[in-house]
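Next come two complexes built around subunit A: one with subunit B, the other with subunit C.
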Partner chain A sequence: MSAQQSTTFDRLRAILAEKFEVAPELIDPAARMDQLGIDSLAVIEVIFQIEDEFKISIQSDPGELQTLADLVACVDRLAEEQRARASAGAARP
Partner chain B sequence: MRRVAITGLGVVSPLGNGAQNFFDRLVQGYSGVARLPDDFHPRLLSRVVAPVSFDGAAHFGAVRLRMLDRVSQFALVAAAEAIADAGALFEDGDRETTGVFVGTGMGGAQTTDEGYQSFYEDRSDRVKPYTVLMAMNNAAAAWIGIDHRLLGPNLTYSTACSSSAVAIAEAWKRISTGELDVMIAGGSEAPLTFGTLKAWEALRTLATEDPDDASASCKPFAKDRSGLVLGEGAAIVVLESWDRATSRGAHIHAELAGYGLSMDAEHITRPTVAGQARAMTAALASARMSAGEVGYVNAHGTATVANDAVETAAIKEVFGRGATVLPVSSTKSMHGHLLGAAGALELAATVLAIERRVLPPTLHLTHPDPECDLDYVAGVARPVTNLGAAMSNSFAFGGTNVSIVCRAAG
Partner chain C sequence: MAEYDAVIVGAGPAGSTAAILLASAKWSVALVEKQTFPRRKVCGACIAASNLPILAALGIGDAFVRLAGPELRGVALYCGDGLLHAPLPAVPNTPHPWGRALERDTFDRLLLERARELEVTIWQPWSMRAIDGSAGAFRCQIEARTAPALEELRAPVLIMANGSWDGDVENKRHAPRKSSDLFAFKANFSDARLAPGLLPVISFAGGYGGLVIADDGQLTLAGCIRRDFLKACRVAAPGHTAGEAFEMYLRNQSRSLRNALWDARREGRWLGIGPIRPGIRATWRRADGRFMIGNAAAEAHPIIGEGISMAMQSAWLLCARLIAAGRSNASPGTLLRVGADYTREWRRAFASRIYLAAALAQLAMRPWLASTAWPVLTRAPQLMTALASGAGKARVLPTFLGAAPPGGFLSLGEAN
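Our next item is the complex of A and B:
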């Protein structure tokens, strides 16, 4: 896991622990959302929280985000795309 | 027909939470009516309401809280108190057959309001996934059933301002006829949102703020009454067959003796003397009670020009000459109008008036209206030596009138 992923994971873990009352010891990258007591509707709430926290917009099908590792990868990819767009914009004359 | 005991009471109200605390405040003549803070939607012109001081996080975890509209939070807290008050209610089982009947007029109004604001005004496409489940009218009853694993009939009644009186009356019937032994019944309402308040404002039925004292804006039966004050909260009662309650040694607050139901069938808002009188007469017949046995009426008493004069005339029609000495009060002067929860809250007040032998007053009645000439227990509570029976009235837009009568347990 890269340093950035670790940071993303830590931030996700904080969201799940604080806003969704998930016991911190259950939270590892391979954990499936349903194993954490987060049902398909609560996943949408988790996505809203992540969008606010990371200032990104997640368009993925929530069904594809089954584990925490899936979420971390998704967040990092979107954050990377956003950075790339921002620097491309800044490079324009 | 079997007798029905009231063995549990639970209240969340603008006068404070807890049934006994609520009644203490009524007797003290405390007003829960207040002016909204200036930063609450300045476009709102009618700014006096009766809000509940309530912190959902003190009762529910973060995950539950995101699934519960304020109306369900109130209902759950009131139901938990009522069930605890009934003491060892399910020790001998019966969860499988216990029903939950809840009345609400506006359901999850806050969720609906916030959802529309986010969707239409903020142009957001993010809609909370629980929106439907929070806003639906039967959410409060459903959550009570789920939290307490009550497997009997779970129904929601919506007849505007008489919703919870209907719910309790129908619950009484299930026990009275022998179909069920235990019922959890009452109502909940949380209508103090910008959208809902604005809609009520348009109806031109809300009270004008008293220029000297906002908390005195609701003036039932007074010449200077100007309309109702919207309130929020919940009240839940536990009803049991008399035999079940006595055999388990339960404390019985009072007997729910009967009810009457009528329909005005004339106008969607304007009440009728005949309709209200029919509900009261039917309640007395249902309880096999003479009018003379009733020692107190907790009036619907909304403080609208129309209701209070009509209700006064209807009480005179039913109680005849006895009406001149019959104490009648409107506790809405203190807790406002809880719409779908009003009947249940006022029944709790009626039951505790019988049990504690003190009549809660009608506040802010300093300028009598010649058309409203009964004994309204004006200004201060009145201790009574004996109160054998009392009636609670709940009337509604739409025209569904309900009167419920209770007898002292003794």
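Our next item is the complex of A and C:
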């Protein structure tokens, strides 16, 4: 796991622990969302919180984000794309 | 490896209905469900009277009437400060001419228990991992959800009843993100003030909703809201969940809803899901001959509250044809004819309802537009009754009224 992913994971862990009352000891990258008590009817709330925290727009089908590692990868990819778009915009004359 | 006459994916109302019907006709059936029960669903819980003959034939008619909420005899429209009432259409010449509401955790359990009684093999919680083969010889690889285990199920007939979310197991597609994406929410309330038997529809800017008294006297409030409107709601309600922000917005938008929830207490948290994808998908895949029923085939805008009805009725339409064809005669050619006939009948039964639901949803999400129809609806509230009829609330397909399709299902159920 990269340093950036670790940071993302830590921020996700904070969101899950604070907003969704998930026991911190259960929050592991391999943990499935439903094992954390985040079923398909709660995952939308998690996605909204993550979008607010990371200022990104998650396109994925919630069903595909099955583990925390999936979420971390998705967030990092979107954040990277957003940074690339911002750089491209800044480079324009 | 295990062999069956049919494998059905998904144990919601569509999948369990299909399993019961086929098992009643002595087919060996595997029903694969990835979730454990009871499970919660974002669902308005309404079951129209048009389904009561089906429930009786399935053998759960009496249990449904005993457990469900009061008979739904009236429809109302909440729009801003406005309120209109009209009767709901009744199904003529039946012992139960009105629909009722029953929460999905109870309803799904009733259906699944009936399937179990009929010796359907229930793989739960197992999920579909891969599908190979084609009509006449499907090979399905399923995976246990609670332990590392794989199993192969073989059957000539494969029925996908896996709802809106899992869709195509092999080919996930991403719809582009749009402001008009609809998110659905649902919560239950106790001590609400709503006349039993009334089914109000709420029209508000950016969405629509409905409320009903279901089993145990609890009020079920469910609704949809566009992504852009939901975002504004959340900005206006910092520190609250999206569901709570939705509730605050709804209370602001409708005086009648505020009154209904005046002393009400929410039981549990808001459930949310989305974006929902109403529309017609496919009833039958020509490439490999698998069948689709329920939301896997198509999804109506939930404004008409016909999702459960269409799920069960589509299962009936398909299974009647499969049973008529015969379980020992499930050759690719026979299944091709079944698929073509099922598709034709499905369109006749549901396409107009899906288009009407889409039109009503677009109208309801624009209260300024709905308000232009208000004077007409005030003078002629029977138009609301007619719209409910058009949505299928009292549309009993001839095959559901006593005329048992091949297989003699009615002899296995209760004589209602």
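Just so we're on the same page, the second predicted complex is superposed on the first by the 93 of 93 C-alpha atoms of A that agree within 3 Å, B and C clash if a C-alpha of one lies under 4 Å from a C-alpha of the other, contacts with A are read in each partner's own complex, and residues count from 1 in each chain.
As a working rule, a residue touches a chain if its C-beta (ideal position, glycine included) is under 8 Å from a C-beta of that chain, and two chains touch if they have at least 3 such contacts.
This is a predicted model, so every value here is computed, not measured.
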| said: Which partner chains sit in contact with A:Q59 here, subunit B, subunit C, both or neither? Use first/second/both/neither. | reply: second
Once chain A of both complexes is superposed, is A:E25 in touch with subunit B (first), subunit C (second), both, or neither? neither
* Given the touch rule stated above, what does A:L41 touch, subunit B (first), subunit C (second), both, or neither? -> both
After superposition on chain A, the subunit A residues reached by both subunit B and subunit C are 41-42, 44-45, 48
Residue positions on subunit C within touch of subunit A in the complex are 40-42, 165-166, 172, 174, 176-177, 183, 234, 241-243, 269, 271-274
Residue positions on subunit A within touch of subunit B in the complex are 18-21, 37, 41-42, 44-45, 48, 51
Per the touch rule above, subunit B residues touching subunit A in the complex are 61-63, 66, 126, 128-130
The subunit A residues in contact with subunit C across the complex are 39-42, 44-45, 48, 57, 59-64
